[in-house]
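Two complexes are shown next, each including chain A; its partner changes from chain B in the first to chain C in the second.
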Partner chain A sequence: MLKYELVVIGGGPAGLSAAVEAYEQGVRKILILERDKELGGILNQCIHNGFGLHRFKEELTGPEYSLRYIDLVKDTTIETLTDTMVLEISEQKVVRAISAERGYMEIEAKAVVFSMGCRERTRGAIQLQGDRPAGVFTAGTAQRFINMEGYMPGKRVVILGSGDIGLIMARRMTFEGAKVEAVCELMPYSNGLTRNIVQCLDDYDIPLMLSHTIVKVHGKARVEGVTIAKVDENFKPIPESFKRIDCDTVLLSVGLIPENEITQNAGIAVDTRTSGPKVGELRQTEMEGVFACGNVVHVHDLVDFVSEEGALSGKGVAKYLKGELETTPNFSTANSDGIGYVVPQTVNLSNVDDQVTFYMRVRSVYDKHIVRAYQGDTLIAEKKERKFLPAEMVNFKIKKEILANLADGEIRFVVEEV
Partner chain B sequence: MAKEMTCIVCPIGCQLTLEPEGESFAVFGNKCPRGKKYAIEEMIAPKRVITSTVAVDQGMYPVISVKTQAPVPKELIFDVMQDLSSVLMKAPIQVGDVVIKNVQGTGVDVVATRNA
Partner chain C sequence: MLDVCIVGGGVIGTAISRELSRYQLKVRVVERNEDVATETTKANSGIVHGGYDAAHGKLKGFFSAKGNAMYPQLEEELHFGFRQTGSFVVAFNEGQEPELDRLLENGIKNGARGLEIISGDRAREMEPHLSKSVTKALYCSTAGVTSPYELSVALAENAAKNGVEYSFYTEVNGIEKVEDHFILHTSKGPVEAKVVINAAGLYADRISAMIGEDDFTINPRQGQYVLLDKDQAFMTDTVIFQAPENGSKGVLVTPTVHHNILVGPNSDYIDEKNDVATTSDVIAKILKAGSKSIDAINTRKVIRSFSGNRASSDRGDFIIGETKVKGFVNVAGIESPGLTSAPAIAIHVADILKEMGLELTADPNFDPTRKPYKRIADMEAEELNNLIAEEPAYGRVICRCESISEGEIVDAIHRGLPITSVDAIKKRTRAGMGRCQGGFCAPRVMEIISRETGLSMEEITKQGEGSYLLTKRSKDALEKGGQDA
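What follows is the complex of A and B.
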């Protein structure tokens, strides 16, 4: 059987960064398994620019960003297998995978990193009503078709959901000569970054219709149109507002879900708030020697933070293999009013260098608010921002010395008015 | 009269406020100097980096991704797209290889953003 110190499942930015960091920390026998034809993950299809400002202080496109990491991997003895799909891992950390070239494989790993990314919610997930014609795609599928496979999915488009991928595809399809009739967003605010609304919709006069949804898809063989409607405060379509828009394509940009079949089959519990495994400060899961990073843990809006998290898990792996990873946590994190989730879910202080970054999302739009961390009634730290939006992940750093002065227990994060 | 805009130079998307100051503008709310440069340029002559694809022969995929190496005037976007539609590259291609030199007379090159 093949034997490795570390097997990384998924060769996107999270997995690449985890492997590189583990290597830098002295781990030598590393294997990355990737089901696609090449490394780089979802970034290979994200050809727009704006990546890497935090990591590289430069503005890169998705493929350029992943290439930086692929090149780092090439400079090491890290091995990679593409076209290889991981099926499951056993309790003894035997990784079972198949590839067209090598067939079925079993690989023994001392440590495993999960970096399988996420997938998009589909038409089924949101129970979109109406006919079932061709021409309904997730925005990411359309992105792959246009940017990698060289196909144009349609000419007249309505987009449902204002997630970043949908916004970016509104611009991309406009560039390629399509007419984007509208972007309908169920919520009264957008789920995309403000910058994407400005440069993808406003620049091309594409209307963003907040508090709107598609109530019906029309068309037999191919999409012929949709009926859209305004929704009331309970998200119920208002019948008087029904309006038909003719189009041949519907793109869905209605959210991402961490890809955790392998995690769940391994018996690792998934946090219902993040849909990813519960992790500690170095992204250790509840299964010893198994780590997770990137979109498999929680959906990130910027890849820079994915790479950061990948590096944390790489550090964790190195510590674990040296037998230096402390396992009993000092703190657990909890979210109350206004916060949707907090990652990591536990913190062990002895594994922390100088600070812990807590990633979290707020539940709705907050102006003139502040995010605070409490233990019991004691205020530990706070984070100010001009505005908190559900679309923009909050990263909240707390110094080790502050945490070291606390009793073990729960740290709670809250959004409060100022 | 103060003007509000969102900086689009990086994903942070700072909310900027501009106030006329002599010939130019004073900019507030930017977390870095690039925001100031962007805001003033956006008022005078808006520019964008264009990212797209061109056809490639014998690559792993039928198209490869490309970008303008610097922002180009916004009104030229569709002319640049027109130029890109007639390009056919031949693999092998390295990231950074020039696809179109001095596109639309802007002085800016279009370069490949991946290997093929």
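What follows is the complex of A and C.
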């Protein structure tokens, strides 16, 4: 049986960063398993720029960003196996995987990092009704067709959902000569980053129709059109507003779901709010020696934060392998009014260097509000922004010395009016 | 000249083709779509009924019990997927309980096996998530579930192996009777045959009318369904019907042969035969009705909704037999329990041909078996290891959700029926059938089809003519040397 100190499942930005950090912290025998043909994950199909502003202080494309990490990996003794699919991991942390080249493998790992990323919600998941012709794609699938395979999936497009991939694809398809008729968004606000609304829709005169949805897909063989409608405050389509738009393609950008099949099969609890495993401050899961990072934990908006989280889990692995990882948490986190979720779900202070970054998402758009952290009625810290948007992850940093002054217990995050 | 031309490649057409492939006959199936099982058969509940439900005295009652009994052997020969899960018909109050007795009696008359009326508590012991409001149930141990399209594919592949020709994209536009045979005018040219079997499903009335036999109509009756993720399999592994009320059968909650949960269908007559759109009000109704049987329906776990039309006739029973036009046989109006009845109907049709005077000489080379797929998802470590060592393509996973390897997809492409669509691969291997619904694997499935068949990426469809997936190369300019305009 193959033996490694650390096996990383998934060679995208999270996994690469975790492996590099673990290596820097002294872990030597590391293996990254990647199911696709190359390392880099979904970044390989994200050929637009804007990656790395936080991490590298410059605007990179997806492949350029991942190449930075791939090059870092190449400078180490970290081993990688691509075109390799992990089937499961056992309670003893035996990773079972297959590849065409190597067949069936059992790999004994002292520590494992989950970095399997996420997948897109589909037409079935959002219960989009009507005919079921060809021409309904998730935005990511269309992106792969155009950017990696070199094919156009359609000419006249309606996009449902204003997630970032949908916005990016509105611009991308326009570049390639397609006509994007509209982007329909069920919510009264966009689910994409503001900069993407401006750079991908406004700059190309593509209408963003808020509080709108597709009520019916038309077309027997290939999409011929959609009926869209305005929705009321209960998201119910308003019949008087029904309007048909002719098109041959529908792109869905209606949310991402962490891919946690391996996690769940290993018996690790998944948080229903994030759809990812519950993790601690160094991204340790409930299973000893198993860590998780990136979009498998919660869906991030910027890859820079994915890398940051990957590095945290790499630190955690190194600490764990040295036997220095403290296990009993001091704090648990809770999301209160206005907050959808908080990661990490627990904090053990002795594993923290100088501060803890809490990632969270607000539930709707907040102007003139503030996010506050409480223990009981005691205000611990607060985070100001000009505006809080569900699309933009809140990074709430709290210094270790502040937490050290608190009794063990729950830290509650809440959105409050200023 | 053909001995027999079968019009329609649904479960009935394919079952008849396979039955006739036992004999030394020249048989062709003409199908207007790109594959078998593309219409009614594709969107079927997949239940192998116990045979107690269809009224005694009708053809439905006669064939369903017989067909049910044939499934275990058929599965052994063809490996299409069949599980004898058992079924409940549940009553929610005393008023409904006499219906169970009626069904039991009817079933016994039909020759159904394994029937028993049990208490609600006993039923809940077997299926703990069954609603507390169930008072009694008719249990049928011989009922089961199958995959209707995989059955059709298996029947067709086995028939093809035994000499039956399959001609896709072949639409029949007219039929002429010429002396002792027929000329079928199809979109691929004329086809001559001594005997024509009309298994055209929703369009059987049109095909029949082409030779002047227009004494029945097919009225499409729609059924919409929702399919739930495999992680909901805990809900039930027994087929759950509701006791008929006011003539309506109620909504079914059933495991599929692959351990998803299927909820549906409704039953509404519609105008257009090819209208398979789903509607949000019906889907909502189905989910509500289904949660009468099982409380735990989690609508967030829906991975797909779909719709199919039953080929109901105005006769209220199957229409099977030679028409006044000698040599022309109708197998029409095959609605529920048509899937269950299909293998028995096929034998009956062979008998009809014999009575008509067609010589049926057993083919000594007939092979009833079809090799099973090598499913890596079902394999133990050692078996998997050996397989990949021998055929590396089995080590490359293409569909993550269902763990389908490249080896399985390549196998599906080379089994004797032409493959031109992504759905054809989905039906045979389940690639794209999981929770991501092909988001990740569709591009790779298309590449494999293209490589193995020589079709270009643009020629590959989702589900036949007009359902193209790609419009053109996006990198034409680059490939022409980067000379952008």
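Simple rule for what comes next: the second predicted complex is superposed on the first by the 418 of 418 C-alpha atoms of A that agree within 3 Å, B and C clash if a C-alpha of one lies under 4 Å from a C-alpha of the other, contacts with A are read in each partner's own complex, and residues count from 1 in each chain.
Basically, a residue touches a chain if its C-beta (ideal position, glycine included) is under 8 Å from a C-beta of that chain, and two chains touch if they have at least 3 such contacts.
The shown structure was predicted, so the numbers you read here are calculated from the model rather than taken from an experiment.
When the shared chain is aligned, chain B and chain C each come close enough to touch A:150. Applying the stated contact rule after C-alpha superposition, one finds that A:123 touches chain C and leaves chain B untouched. Judged by the touch definition given at the top, the superposed model places A:234 against neither chain B nor chain C.
Residue contacts after overlaying the shared chain place A:134 against chain C, while chain B stays out of touching range. Applying the stated contact rule after C-alpha superposition, one finds that A:302 touches chain B and leaves chain C untouched.
Taking chain A as the reference chain, the count of touched residues is higher for C when chain B and chain C are set side by side.
Contact with chain C, but none with chain B, is seen for A:96 once the two complexes are overlaid on the shared chain. In the overlay built on the shared chain, the residue A:328 is in contact with neither chain B nor chain C. In the superposed model, A:47 makes contact with chain B only, not with chain C. Shared contact residues on chain A (touching chain B in one structure, chain C in the other): 146, 148-150, 176. Residue ranges of chain B in contact with chain A, taken from their complex: 5-13, 15, 29, 48-53, 55, 60-63, 65, 67, 74, 77-78, 81, 95, 113-115. Those residues of chain C whose C-beta lies close enough to touch chain A in the complex are 227, 231, 274, 276-280, 283, 299-300, 302-306, 376, 381, 384-385, 388-389, 392-397, 400-401, 403, 406, 435-440, 442-443, 447, 457-458, 461-475.
Contact residues on chain A toward chain B in their complex (touch as defined above): 37-38, 44, 47-50, 53, 59, 61-64, 67, 146-150, 175-176, 193-195, 197-199, 203, 301-302, 386-387. Chain contact summary for the complex, chain A toward chain C: residues 35, 83, 85, 87, 96, 98-104, 106, 119-120, 122-125, 127, 129-135, 137-138, 140-141, 144-146, 148-155, 176, 215-217, 220-222, 248, 259, 261, 264.
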